[in-house]
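To keep things simple, chains are lettered A, B, C and D as they appear, and every chain counts its residues starting from 1.
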Amino acid sequence: MDCNVILQEIYRELSQTSQNGHVATYIPELAKVSPEKYGIHLSSIQGERFFVGDSKEKFSIQSIAKVFALTLAFHFEKEKLWKRVGVEPSGSAFNSLVQLEYENGKPRNPLINSGAIVVADILLNHLGDPANDFIEFIRTISGHPQIDYNPKVYQSEKQTGFKNYAQANLMKSFGNIHNEIEKVMDFYFLMCSVEMSCCELADAFLLYANHGKLVQSNEEFITTSQCKRINAIMQTCGFYDEAGDFSFRVGLPGKSGVGGGIAAVYPGHYSVAVWSPVLNAKGNSGRGIKTLELLTTKTGSSIF
Amino acid sequence: MDCNVILQEIYRELSQTSQNGHVATYIPELAKVSPEKYGIHLSSIQGERFFVGDSKEKFSIQSIAKVFALTLAFHFEKEKLWKRVGVEPSGSAFNSLVQLEYENGKPRNPLINSGAIVVADILLNHLGDPANDFIEFIRTISGHPQIDYNPKVYQSEKQTGFKNYAQANLMKSFGNIHNEIEKVMDFYFLMCSVEMSCCELADAFLLYANHGKLVQSNEEFITTSQCKRINAIMQTCGFYDEAGDFSFRVGLPGKSGVGGGIAAVYPGHYSVAVWSPVLNAKGNSGRGIKTLELLTTKTGSSIF
Amino acid sequence: MDCNVILQEIYRELSQTSQNGHVATYIPELAKVSPEKYGIHLSSIQGERFFVGDSKEKFSIQSIAKVFALTLAFHFEKEKLWKRVGVEPSGSAFNSLVQLEYENGKPRNPLINSGAIVVADILLNHLGDPANDFIEFIRTISGHPQIDYNPKVYQSEKQTGFKNYAQANLMKSFGNIHNEIEKVMDFYFLMCSVEMSCCELADAFLLYANHGKLVQSNEEFITTSQCKRINAIMQTCGFYDEAGDFSFRVGLPGKSGVGGGIAAVYPGHYSVAVWSPVLNAKGNSGRGIKTLELLTTKTGSSIF
Amino acid sequence: MDCNVILQEIYRELSQTSQNGHVATYIPELAKVSPEKYGIHLSSIQGERFFVGDSKEKFSIQSIAKVFALTLAFHFEKEKLWKRVGVEPSGSAFNSLVQLEYENGKPRNPLINSGAIVVADILLNHLGDPANDFIEFIRTISGHPQIDYNPKVYQSEKQTGFKNYAQANLMKSFGNIHNEIEKVMDFYFLMCSVEMSCCELADAFLLYANHGKLVQSNEEFITTSQCKRINAIMQTCGFYDEAGDFSFRVGLPGKSGVGGGIAAVYPGHYSVAVWSPVLNAKGNSGRGIKTLELLTTKTGSSIF
């Protein structure tokens, strides 16, 4: 069946299904987003592009940015990176701080907040102009030069992110944050404030579907081995405490954000991004997961 | 390159590498196994079979049996199974009991001890003659009718398994164990006492590489969807607190046992079993993981 | 003011106050007790005895028995006892098992369940006929030869005490239980099934008010120093997660039981027992605590 | 026996005993203190004063200041105080952050760091000139107008106190810190930097021995009931994870500091302060505890 037809079919079916849950409300910029928003974009490594719904509208990618930050840090640090952050899933959310304490300030993986804070700390030591260099990196790999931060989201995050400050201070007490807390947290909250559309996100994630090479130029940004590792980390750690369920229902490496976005890849074939801002009880986009479940079922594209 | 050549090459290389760690010593039957044992067997869904080293020698498969138990329980209970056991990785080992307590006696997944104890409890309600029916199931899917339990291993496990009893009692206090503790634990320890060779284990795991169908007869034992789910669970939960690292180094769903065995599958292609009894700090076969890492690197068969 | 008048006054005031909470319901023998029961008995070391209400009626003393068990074990083991059980409060209940695990199977103190299970294990090695010797000890120190176990309570406890079995097995896995689990748990549940009246309980606790000597005969059962230690442990650990609040409102060492009883001592002066079976949210008798708070306020007998 | 003779005797005995442990080293001002320092001062409510050794030399009182802060906050807030901080011991140190998280940002008691941070936050809303008003309070109750902060200790604490910042941020995320983190932490670290001698400290603690009244003027600073409560909290929470052991060996309410000081009271009789900077494994002055143990044994002044 044609991929366009499949996306249309999924979109029609799920647009009419009622949603359980709420959009994120901890900052005003997320709280005011319409719960009805819904877009999908799929880009294949052969250059095909399929999309439906609000796929061109920008939204706050939030934690999906952690994958880009990880990619850059892995590029700079290589295997040394794993001395400061692990690659194991973190178990349930309830013990985020105790686990950090128990494991001497080394976060379980780079896709949880504490791990991404360490990654931000590392990037500060490698980037000349961190804010600019980070966004340029995303522009380059996606091929969309107009991608940018949302300054209001950044400000709001900074004013409410006390739990993130708690984790940063705890890690600093163990010596696993090298720069000043304020500088690290500024950059961390900035990273989380990137805005992208499904189209831009899927295009950026083609890197992970294409073994670390840009589809346009065939330029290698990360090695095949590094790309495989990032995909493996997304597979086991990309969905907070729902990674197992996502793995089992969708069967693709991916990463979600609290803005309702999900980006995923079918290695060697395609990348896909969905946006639907109503979150389920575990903090992931409920309709987004359902979308990808139907997609892999209808196309037979699970990695398992 | 020919798969036989690759296995020979890996075997030669790793036979000469010194090993860090020790064989399991908590029961005499495991403690007395030679640390030098080393075998590999790969079975493809086309019927090819490649092997090297001690691949015909039986060893204690231990926790690998949890995959077989899960398969049977999933077959009987279908989606109801997930009411009593989760599908999420468990995070670090240190909080096994607190997590069970925090989550009201529902284990995080069926491949950790508490989860497999719940699975054992479920099987007692479905199997007429549990001990016999369980081993017959393994004999059937592997096509090896001589597979059996090791009664000494069973006895030793039972006499030292106090922590498993603690978990069973805690779950019973939450109503998540329905049969008598003694009956459940007897069956649980029996399951862990199965002995198989790499050859037999790889042949049994062909089921998971072949989308739930027996390779010999094309008979469907579990549905494609169920098979995909079991593979997803192995991917995220199959290696204790080293699932992320295995995922990232090997990139295949698999399960390890404290006897030094590992079984893994490349869905749609092959299954493979390794045995090397020296365990690393996380309780998995160090040489076994290295073997599979070289195998997927040399054959390009990671799912990522 | 006369102590009789004070007890009458407290009894009148609190009989009319409505109670929040419920009687314990986890076993039928406790569930069927009338929530209106209310008795108080105070015995001074000068031999005075004051009482009011249902002070002669027997009730299930439950965890109060842990003080008697500790006294016997301390008598036998002396300072060696503290190698197997601590003297620190346990913090909130939620982490009972993780704390036990974190501290290698050594319970925080002898008045929590895990600690009393270790004490039971120790007594099995010192008493020729544990069931008989333990009840005889209570009969002797109280001077009431008719005190006995309630076999129905014992049976019910045994059938529902899975969480206690979990703790015993966890401690056994660390080598801190020396006898067979079944034998230890039988004795532990038996200890919890003792029945006494307020009168009998206050008389038994005179030992702790009288520096370890029997009031009747001046015979030393435990040394002054040992008695001081048991009182200190009651002060910091006698009321589950309400020890601080009890200490602060009442200001006397004491121990509560889930049957609604509380026994407390004013060292050098008196012992007192209250019974009122409605439990507050922390599992202690709400009216019992209020009774003792009024008593120490009206008589000025707080230790602080 | 005369109290002077007893103090001399204890001093002689313990001066010659070798000490296990080390002085605190996390800030240079504590690290450079001589491990041989040793002073004792006892003040009775009748106005007697006994002392020996380095009892006039100032040292960093550190956490002992939490008792003064609690006293002021309790004075201002009365029973409302307990809505924001509990009165229960905290169990072992390992779970400080998880417990705070589990209990929604409400610290277990006002004598642990998180509790004292909440108290500092409260005082900021009641004191016109917090730094000055707090030190004036200590000067007044002790009758020593020359007591002051040590600015170097304050600076050093602030630069290394990341774990305290972590706790403050975690509590802020739960809404239990009302002022800005920086302002709260500045005041908290200032409080911990007070310097006093044994003489000054014992004189200040007379308030708690004298039921809340100044010995000099008989002026009531806190009510008898409030004083009883503060003593009860010291009894159960004053010695980190050694409160039970202190209670059991010494039998007096007290508070220790990481500078090696301990202040304790025998309600209705006397207050006493010891200073000996070598800390035991639990972070309390080992010789200080031994000193008080001998004192209560030789004088028979345990509250139990």
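Note that in this section a residue touches a chain if its C-beta (ideal position, glycine included) is under 8 Å from a C-beta of that chain, and two chains touch if they have at least 3 such contacts.
What you see is a predicted model, and the numbers here were worked out from it, not measured in a lab.
Repeating the A-B interface with over half of its contact pairs identical by residue number, the matching pair from C-D, B-C or A-D is C-D.
Each chain gets one centre point, the mean of its Cα atoms, and the points for chain C and chain D are 32 Å apart. Once the centre of each chain is set as its mean CA position, chain A and chain C turn out to be 55 Å apart.
Inter-chain centre distance (chain A to chain D, centres taken as mean C-alpha positions): 48 Å. Residue numbers of chain A whose C-beta contacts span two or more other chains: 94-95, 98, 102. Chain contacts here close into one cycle, and each chain has exactly two touching partners. Residues of chain B touching chain A in their complex: 86-92, 94-95, 98-99, 102-103, 108-109, 227-229, 231-233, 235-237, 241-245, 247-248, 251, 253, 267, 302-304. By the touch criterion stated above, chain C contacts chain B in their complex at residues 94-95, 97-98, 101-102, 162-163, 165-170, 172-173, 181.
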